[in-house]
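Two complexes come next, and they have one chain in common, chain A, joined by chain B in the first and chain C in the second.
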Partner chain A sequence: MTQTISRRNLLSWLGRLLEERLLIAPTHTTGPILFQPVSKIEDIVLDFDNTALSAKEWFFPATETLFWAETTDGRTELVPATVEREAVVFGIRPCDAKGLALVDKAFLAEPADTLYQQHRDKAVLVGLSCRKASPQCFCTSMGTAPNDPTHVDILLTEVEEDYIVQIVTEKGKALLPDNLLLESKVVPPPPPSPPVVSAEGIEEVMRQAFDSPYWSRLADRCVHCNLCAYVCPTCYCFDIRDYESKGKIERVRSWESCQSPGFTRQAGGYNPRASKGARLRQRFYHKLLYFPEDFGAIACAGCGRCVQVCPVNIDIREVIADIQTIGGRNVP
Partner chain B sequence: MELIAVEKPASYPDKERGERLNQQLRDKAKELLERGAVECVIGYERATDGSSARPFFVYQPEEVDRLIFDQTCTHNLVKYLLNKKDKTTAVVVKPCDSRALNLLLNEKQIQRDKVFIVGVVCPGIVETGWNQVSQTLQGRCQRCRQHTPLVYDFLVGEPPAEEAPPAEAYADVAEIEAKPLAERQTFWDEQSKRCIRCYACRQVCPGCYCSECFVEQLQPPWVGIKIAPPENNMWQTIRAFHLAGRCSGCNECERVCPMDIPLSLLNRKLEKEVWELFEFQAGLSAETVPPFATFKKEETLGIGE
Partner chain C sequence: MSPENPFVPYLATVKNVVTLTPDIKLLGLELDDPTVRDNFSYKAGQFAVLSAFGVGEAPFCLASVSHPKGELEFAVRRIGTVTSSLQELEPEAAVGVRGPFGNCFPLDDNKGQNIFIIGGGIGMAPLRPVINTILRNRDDYGHLLIINGARTPQDLVFQAEFDIWASSPRTQLELTVDRGHDGWKGRVALVPAVIAELNPSPENTVAITCGPPIMIRFTLQELRKLGFQDNQIITTLEMKMKCGLGKCARCNVGDMYVCKDGPVFTCEQISKFIEQF
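Showing the complex of A and B:
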């Protein structure tokens, strides 16, 4: 037997959550569909491929204050930022949830990033299985699937007018009252099949390919914006700056990426990754070699956003396939 | 506009003619590489979605068969010449791209004798996205009446007997101008609050070539690092102003924006202002001195008299 929830009950449950918590869900904007705080249930978009930015932006926001420092009577006090509200992130895709699990490895390793930890602890993830695979997707090649419940608290899978409900964690169980659920004989639909790329053994070939001219050829085409990193559910680099106003200091962090020339520039002007080729290569090495070496997994969830938005079609699936072929050979 | 996914790439209405032109392009590229006239040919090839195009750098004569030109070839490849200053390079240019090339020649960013210009007679480019190709011409192409590049060393395709100069219709700009200030503010706040400052707009712009952009300068810090409305507004406004009288209208900035911010409205507002004040359009010639590179006494506009 499976458990289901009717669309009507789902919406009324979300309506109740909205009164108690911050509810973040896919919504329309004057531009693309994005995760945003919802003020009324009708604004939630249930039928979408995926959001333009991943749900990462609610756990590791584009810009966030880390602390304030204020000096009064010669005494300086540090006031750390805190996350107050309990939140529900509704409509997260399994790939984006996997992305968060990967960011966890970096941000929650001791010493944990306290703000990120608070965002994670205060939020419940209600996932939505994908009904179709987009041509840029490749989640099954990155250890997750369109119907993977592993990294969410509750997973919903749409079947006709209802949703199959999988309660995955205690946090999820506490959020969804039993009386809204129905026992059902409905059979879960087969998950869609996204395109596949073989990343097996990629670490070893990446080790061999470091000096390959392939990277500078690829960098010819790359325009070196930060787009791929900012839409990525697993990229987690940032910059820090202090803002000062009337003696009060605010320390802020904002997204930054390895593609910016300033990212690795050091005092005195020396830049260990001065060339565009070196910067582009870094992105792929971090994902496909350094992160696996440090944390035991490829830093990619296969969501395909970078493939979709790259202005010049730098397609990570093509890069993986190319490197598998090239390995240590000295060919472009 | 709604994009539709299609099985096959858009090409010239006449497929056979499209193939013939592709061959002309490939033959020229091959010849240039074989006789060592250029180190690299920058053109287009099919992207991994199988329907749109992507930039392609050809170094070996045996790679030329991947070169294509059709109505999906939207990128302005002139930007890449800024990375190839020390080598002689061939580049495929459409009429709009040729204006950007004139701009870079005029501003002494590239040397004419280091560039071999392969002009393509342009049928207009259609709206494309990843795995999406529409049958509709891009807005900029609907406004443009130019089919032949303004400057080239070799031309692929047959130019029409008569050409009209680039024309501009500013209906959408005028619509925004007509709104009250508060409404315009709301409109732009709504747009720019989505900006994530990925700088894709800057990175694809042939007019943006400062070795250090003002947003990245630390001394003084003109704009903070916050990805937030005031900083985003500042970034977008100054970006547009730095292109006043310089933007050649390739619209790459708007095309690549992941947040669908209508950047062309800002660019074309300034283009309109420059036209009304100076009767100048950027990139029509490599020789004409642009308005902001010179000064006439009568241009004081009553300030400081």
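Showing the complex of A and C:
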């Protein structure tokens, strides 16, 4: 037997959650479909391919205050930022949930990034299986799937007017009351199957391809706009800066990209990774070799957003295929 | 660092500001919280991230030897916005300290060995606690040879300590500058040339070097010519850093994060990195 929830019950449940918690869901109130705090249930978009940005920004915001420094009568006091509000992130795709699980590996390793930890602990993830694969999708090549429940607390899969409900964690069980669910004999639809890119053995070929001229040729067309990093559910590099206004100082962290020339530029001007080729290579090596060496998984969830937004059509799927072909040969 | 948030620094107070050279000052800091002060112990080679509140943070090696009652000392060269504002601080000003971070020079493993120190400019800062640790435990180590180089005589750091270093038992201090002036009676030579001239034996010796990248490159060549093996040469890697915790990935080189796996590496380790600078 399978458990289902009707669309009507789903919406009334979300309505109740909205009163108790911060509800973050795909909306199009600002134009593109984005995860936004919901103020009315009608704003939630249920029928979408994927959001323009992943839900990463609700756990690792584009800019976030780490602490405030206040000086009164010559005494400085630091007030750390904390996450107070319980949240539900509704409508996250399995690929983006996998992306969060990958960021966890870096941020929750000791010493844990406690602010990120609080964001994660205070939020319940309600996932939505994908009904179709978009042209840029390749999640199954990156160890997840359109109906993968592994990294969410509850997974919903749409069937006709209802949703099949998979309660994955205790946190998910506590959120969704049993009385909203129905026993059903409905059979889940077959998941879409996006094209496969073989990343099998990629670490070994990456080790061989480091000095290939492939990287600088690929980077010739890169305009280091950083979009690939900003839309990526797994990119987690950041910058830390101070801002001061009206005597109040805040220390803020913000997304940063290894593609920007300032990423490794030291005070005084020396930059060990001064060329675009070296920087683009760093992006792919961090994802396809260093992160796997450190954490045992490729730092990519196969959402394909970087493929979609790149203004010069640099496509990680093509890069993987090219490197598999180039291997140790020194010609692209 | 607050246990609730590793990005929140310990508060500290500037106690001493000593001008070492026209662009380098030595800041002596005292951590405000006595419990934090008692527990803040560190080893030569480790670093801390200093905050100039309202301007930002930057990493600096600890230039002092760890002591519960001692000030934390940092040699700060004026090179960017954070270093400029740290240099402007007066005694009793508040600063932030996160750390200690990173690994250290393997001085415990080097006991019984001769130590050959080669420092250039501000690169002497992490080497100063190495020298002072050896001098405080003089019987544990063999001959200590120090080459301290700078652009000009006035750029030599830690001049107030030269007499103590030079007069210590089995210790040889050699100073050199790239450009002398009329009153300078010492050497005018590049650091690698001084290594060749002194020709120290690599036998039972470890070489520890810190300085600008160009000096390091030619120093390594010279040391190898003298027969030093890569596992006998220790240096520190410089990469831009932000968090100090192995998170922000600014200092990522291969599968290493210089802030947590370094900054101290042997040349043997560095030569195995996939990315070479």
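Criterion: the second predicted complex is superposed on the first by the 328 of 332 C-alpha atoms of A that agree within 3 Å, B and C clash if a C-alpha of one lies under 4 Å from a C-alpha of the other, contacts with A are read in each partner's own complex, and residues count from 1 in each chain.
FYI, a residue touches a chain if its C-beta (ideal position, glycine included) is under 8 Å from a C-beta of that chain, and two chains touch if they have at least 3 such contacts.
Bear in mind the structure is a predicted one, so any value in this text is a computation, not a measurement.
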Combined model on chain A: chain C and chain B, fit or clash: fit
Partner chain in contact with A:V159 - chain B first, chain C second, else both or neither: neither
Partner chain in contact with A:I326 - chain B first, chain C second, else both or neither: neither
First (chain B), second (chain C), both or neither touched by A:L227: first
Touching partner for A:Y290 - first (chain B), second (chain C), both, neither: second
Chain B versus chain C as contact partner of A:L34, first or second or both or neither: first
From chain A, separation angle of chain B and chain C (C-alpha centres, steps of 10 degrees): 90
Which superposed partner A:R241 touches (first chain B, second chain C, both, neither): both
Nearest-approach distance, in Å, of chain C Cα atoms to those of chain B in the combined model: 7
Residues of chain A contacting chain B in one complex and chain C in the other: 239, 241, 256
Touch list for chain B against partner chain A, complex: 47-49, 52, 54-57, 59, 75, 79-80, 83, 129-131, 190-191, 194, 196-200, 202-204, 216, 221, 224-228, 252, 255-256, 258-261
Complex contacts: residues of chain A adjacent to chain B: 29-32, 34, 52-53, 62-63, 134-136, 217, 220-221, 223-227, 229-231, 239, 241, 243, 252, 254-256, 260-262, 276, 307-313, 315, 317-318, 332
Chain A - residues contacting chain C, complex: 66-67, 69, 71, 76, 78, 80-82, 106-107, 109, 111-115, 207, 210, 236-242, 244, 249, 251, 253, 256, 258, 263-268, 270, 272-273, 278, 282, 285-286, 289-290, 293-294
Partner chain A, residues of chain C touching it in the complex: 2, 4-9, 11, 51-58, 79-80, 82-83, 94, 96, 213, 238-240, 242-243, 245-250, 252, 254-255, 274-275, 277
